[in-house]
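You will see two complexes here that share chain A, one where it goes with chain B and one where it goes with chain C.
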Partner chain A sequence: MLHCRFEKLFAATVKGLTVAALFILLFIILFILKESLVVFRQVSIGDFIFGGQWRPVSLNLRLGLWPILTASLVLSALALALALPPAVGAALFLAHVCPDRLGRPLRSLIAIMAGIPSVVYGFAGVVLLLPILERLFKMSSGDSLLAGGIVLGVMILPFIIATTTESMEAAAQGHSVVSRAMGVSRWYMLRRLVLPVSRMGIIAGAVLGVSRAMGETMAVIMVVGNSPLLPTELLGRIKPIPALIALEIGSAPLGSIHYHALFGAGFVLLVLLLAINLLFYFLRKRLVS
Partner chain B sequence: MLKNWQDRCLQAWLYFSILLVVGTALLTMGYILVKGWSAITLDFLFSAPRGMPLGKEGGVFPALTGSLALGLLSMLIASLLGLATALYQHLYCSSPRVYSLIRLVVQCIAGIPSIVLGLFGYTFFVVSLGLGHSLLAGGLTLSLMIFPVVAINTDKALTEVRPEQTLASYALGVPRSYTFFHIIWPERKNDIISGILLGTVYAMGATAPIMLTAAVLSAPSPGSLLRPVMALPYHLYILASERISMENAYGTALVLLLLLFAGYGAAFLLFGRRGEGRE
Partner chain C sequence: MRKRTKFLTLLILSLVISTLLAACGDRGKQTGGELPFKSEIFFVGSSSMAPVISQLADQFTNQFRTWDQVDPGLPAAEIKISVATGGSGAGAKAVLDGTADFGMLARDTREEERGALANYREIKIGMDALVIAVKQDNPLARQRRDIGAAELRQIFAGEISRWNELDPALPAKEIVLLVRDVGGGAHEVFQKAIMGKSDFSDRAVQVHSMPSLVSRLAGNRQAIGYASYGVADQFREELAVFSLDGVVPSAENIMNGSYPVARPLVLVWNGELSAAEQAFLDYIRSPAGARVITEMGFLPLP
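On to the complex of A and B.
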């Protein structure tokens, strides 16, 4: 009898909390959308996204997200381009070449890498990377698109490696014994069997990496210089969307057009990332099945 | 001969990649470890920041306790939500469609960038609900960020429960809750707790969600849910970006890393270890 009452209570709690958790997503999306509508009533969505100037407080108000949005896109693409080759190489190593004794410590190290807070990566970028860039390119300050790309590239390494390793292990299952028995060299097998078969896994890893890179705030703020310029030069300063929100929300008065414009920028970022994550979800689902 | 040459290239690429990855990780952590070690003293850990501008001297005690409080609070809320969704998926949900839908939604929440969560927390918790910049608002925002971590890890842990155990118990008419507490939990609790720990460590290192909702430049150790707090990651950001004190910044970064190592160490020790569950 007592168990019966407890079971009812337990079931109701679990179900209730699950429904609540699911509605959180909808609530957050609608909430951010609602707050950005104010802006879209004043500026058309087209002008907001493709406008070339961001001057939210001047009398001659301009709310164009283009330089900031492209900065986000170019920065993530750069980070991915830098991270993908070593990440795929490391994943292939971990899945098929690594001696058993090294496997566990290496995987733990990569898991820890994924857990290092982004502000620590940003700090390491400031003290380790910026001085090198300054000396290398004779810049007065190393803050740049390139610095952001490198720091973000390092940050997304463990995520790409984890996803890719998983699919590479699955790719060779069954085949590796056969190919060894037939006297095929390990490297030949990796090149001709594992790499082509795990193509989807590599793409899924890349998609996850881009989604981590695009939403990243703290590490980016600390090394990109934060000027809303078009990302045309590697050594130029940029200001991606997360940096824009983090730096300006504190000074935007509640309810002002500036404040709502930042929500608009957040909404654009949210939609981009939801799309990327859906893509990742379906890629992974295809991989598993 | 040509094949051999291609094999060599592949081999070189793999070794170069893994060395680069490991080297970067060790360099980043090692540099902070070496530079931060001299800054960390008992006084640094147990005294409040002092000096002008604040943080130039003194320690990080309120930031450390603030981060622990934020971690604890978000862990409690996120565990409730995360455990509930995973339990629902495994105990009550009979349709694979609903199961996938829940996974999809959780995946999407995991994909919301932390700064957007911060923006949401700021307007909803801080302004609309009137919580102000406070430990509670920050904890709630962080819990939204780590709830998917807990949900996904618990889901994974529960997937490994062998169906013959639970099916037998359901067939006997044993309630789901009893099955969970007496069969599943003893067997899988280590993996579940390790997942929750990973989420908590993630929360303690996050800056973007709390810089708009909870963290301030200077505050005493947390005493009330409705007061703002200091937090290690935000403190580090201020020290480093305003160039207040690089020495203290190294120290703060090291304290953050040590918290991370402690959390991960505990999680690794627990993970994959079988509980006292029966075979």
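On to the complex of A and C.
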């Protein structure tokens, strides 16, 4: 009797908490939207998104997000491009090549990699990566799109590897026994069967990685230089949206146009992430059918 | 299985209840006595001053906890000092509206702000100054240790972007500009004192905190940047500091106002101070308070 009542109470609590969590999310989105609408009364949406200069406290005020927005996109794409090939390789190795005795510690190592705080990655970037880039490319200062891409690439590796490994293990079920029975070499099977079948998992891993990369703040702030320039050169400095918000929100007076413009930037980031996820969603749907 | 569910339920319930209880606590605790004693002090204003006041408040609260520890004549109420940011202007306005006890202004007060308050009072608790510095073995620092305000403006606006444009004898390398984030206190001081109406170069590297700016400065021969007085002092072995049009950024020159890249940290209030407020102000001006101000990178005023 008693435990029955407890059961009901438990169910109600869990439901209540779930609804509360959803409401918090909804509230955050609405709040960001509401705070950012103020800026569009003064700057048109077109100017805000496609404007080429960001000078929020200058005498000639400019609130153009274009260099910052494109920096976010290019940086995430670069990180993904750098991380995807090794991640897929590592996943293939973990799922099908490496012996179990080595595989288990390797997997926990990768899980640990996902848990390292981003400021530690950023610190490593500043201390190790920047001097290398400075020497390699004779740069005056190593902060660059490339540095950000490398640091972010390393950071999203474990996420892509974990998702991809799982799908590759699932993909080989059934195939591996048949392949072996037919005398097909292991590498042929991996190349022609496992890789194509697990492309869903690879895409899912990529989405996860990009989402993480788009929102990453601390590690990026420390290595990209935060100059609001268009991301046209690999060795140029950039300032992606999370860096912009983190750097400037602390000093933007409450209620000023600068403050609302930063919320606007946050909203644009939110929409971008949503768009990327939707894009992959439809891509997946088409691949499945 | 059942046991576990029960345990989980209890855990979640207890969490929820304790959160609710925590939210209810502290209410209705009023101090007795003839006069209602105000145990809370509320600061509003400049975001560059807020960390200093917060730090001072933390130290003060940790040291004394209740007001009677500060002064036996005060009631045993808990010390509560809150700090909110909103810019210097918001600080002055909050005092005028009566929504804050003190306004924190990281600039000289304006005539209209002084006029608006019936019983205007202020004290300067310190100075915030920026020194212009490069790494010790920077080629320009080997030549000279003085820089003109006009030159400096051109460098930070990006009109001079390579060292050899400053002097043909210097290498043709890019000048790496290290600055703090746009809109922050340091940015504002530098903008006002040096840049005037010019904008900072888009190519400047924005660093997220003053200590990391200075350590970057100390590690890059091609960089020039502004550093807050206190932090630059910690790195004096590694840095070469420039005088500005002949004025050395010494504590003395900053205090008497002859070094231009500086601003005062001012507290503003209206009317008489309560006993608690007076006690906290006394603490700010004590040697312990001065030490905190120095640690936060500013120059305390005697």
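Criterion: the second predicted complex is superposed on the first by the 262 of 289 C-alpha atoms of A that agree within 3 Å, B and C clash if a C-alpha of one lies under 4 Å from a C-alpha of the other, contacts with A are read in each partner's own complex, and residues count from 1 in each chain.
Throughout what follows, a residue touches a chain if its C-beta (ideal position, glycine included) is under 8 Å from a C-beta of that chain, and two chains touch if they have at least 3 such contacts.
Small disclaimer: the values here were computed from a predicted structure and weren't measured.
**Student:** Could you tell me if A:Leu25 is touching chain B, chain C, both of them or neither one (first, second, both, neither)?
**Tutor:** A:Leu25 sits against chain B, while chain C stays out of touch.
**Student:** Touching A:Asp143 in the superposition: chain B (first), chain C (second), both, neither?
**Tutor:** A:Asp143 contacts chain C only, not chain B.
**Student:** Per the contact definition in the header, classify A:Leu37: touching chain B only (first), chain C only (second), both, or neither.
**Tutor:** neither
**Student:** Specify the partner with more touching residues on chain A, choosing between chain B and chain C.
**Tutor:** Result: the larger residue contact count on chain A belongs to B.
**Student:** Is A:Thr13 contacted by the first partner chain B, the second partner chain C, both or neither?
**Tutor:** Both chain B and chain C are touched by A:Thr13.
**Student:** Going by the contact rule set out at the top, does A:His258 touch chain B (first), chain C (second), both, or neither?
**Tutor:** So A:His258 only meets chain C here.
**Student:** In the overlay, answer first, second, both or neither for which of chain B and chain C A:Ala246 touches.
**Tutor:** both
**Student:** Quick check for you: in the superposed arrangement, does A:Pro228 touch first (chain B), second (chain C), both or neither?
**Tutor:** It touches chain C, and chain B stays clear.
**Student:** Between chain B (first) and chain C (second), which does A:Ser58 come into contact with in this model arrangement: first, second, both, or neither?
**Tutor:** second
**Student:** Using the touch definition from the top, say if A:Leu106 reaches chain B (first), chain C (second), both or neither.
**Tutor:** A:Leu106 sits against chain B, while chain C stays out of touch.
**Student:** List the residues of chain A that touch chain B in one complex and chain C in the other.
**Tutor:** Residues common to the chain A contacts of chain C and of chain B are 3, 6-7, 10, 13-14, 17, 126, 221-222, 246, 250, 254, listed in rising order.
**Student:** Where on chain A is chain B touching in the complex?
**Tutor:** Within the complex, chain A contacts chain B at residues 3-4, 6-7, 10-11, 13-18, 20-22, 24-25, 28, 31-32, 35, 85-90, 92-94, 97-98, 106, 108-113, 115-124, 126-128, 154, 157, 161, 185, 187-188, 190-191, 211, 214-218, 221-222, 242, 245-246, 249-250, 254, 262-263, 266, 269-270, 273-274, 276-278, 280-281, 285.
**Student:** Where on chain B is chain A touching in the complex?
**Tutor:** These residues of chain B touch chain A: 3, 6-7, 10-11, 13-18, 20-22, 24-29, 31-32, 35, 80-82, 84-85, 87-88, 91-92, 100, 102-120, 122-124, 127, 144, 147, 151, 175-178, 198, 201-202, 204-208, 211-212, 233-234, 236-237, 240-241, 246, 249-250, 253, 256-257, 260-261, 263-264, 268.
**Student:** In the complex of these two chains, what residues of chain C are touching chain A?
**Tutor:** Residue list for chain C touching chain A: 2, 5-6, 8-9, 12-13, 16, 47-48, 85-87, 89-90, 173-176, 181-185, 187-188, 191, 197, 199, 202-208, 212, 216, 220, 222-223.
**Student:** Can you name the residues of chain A that touch chain C in the complex?
**Tutor:** By the definition above, chain A touches chain C via 3, 6-7, 9-10, 13-14, 17, 53, 55-60, 126, 140-141, 143, 221-222, 225-229, 237, 239, 246-248, 250-254, 256, 258.
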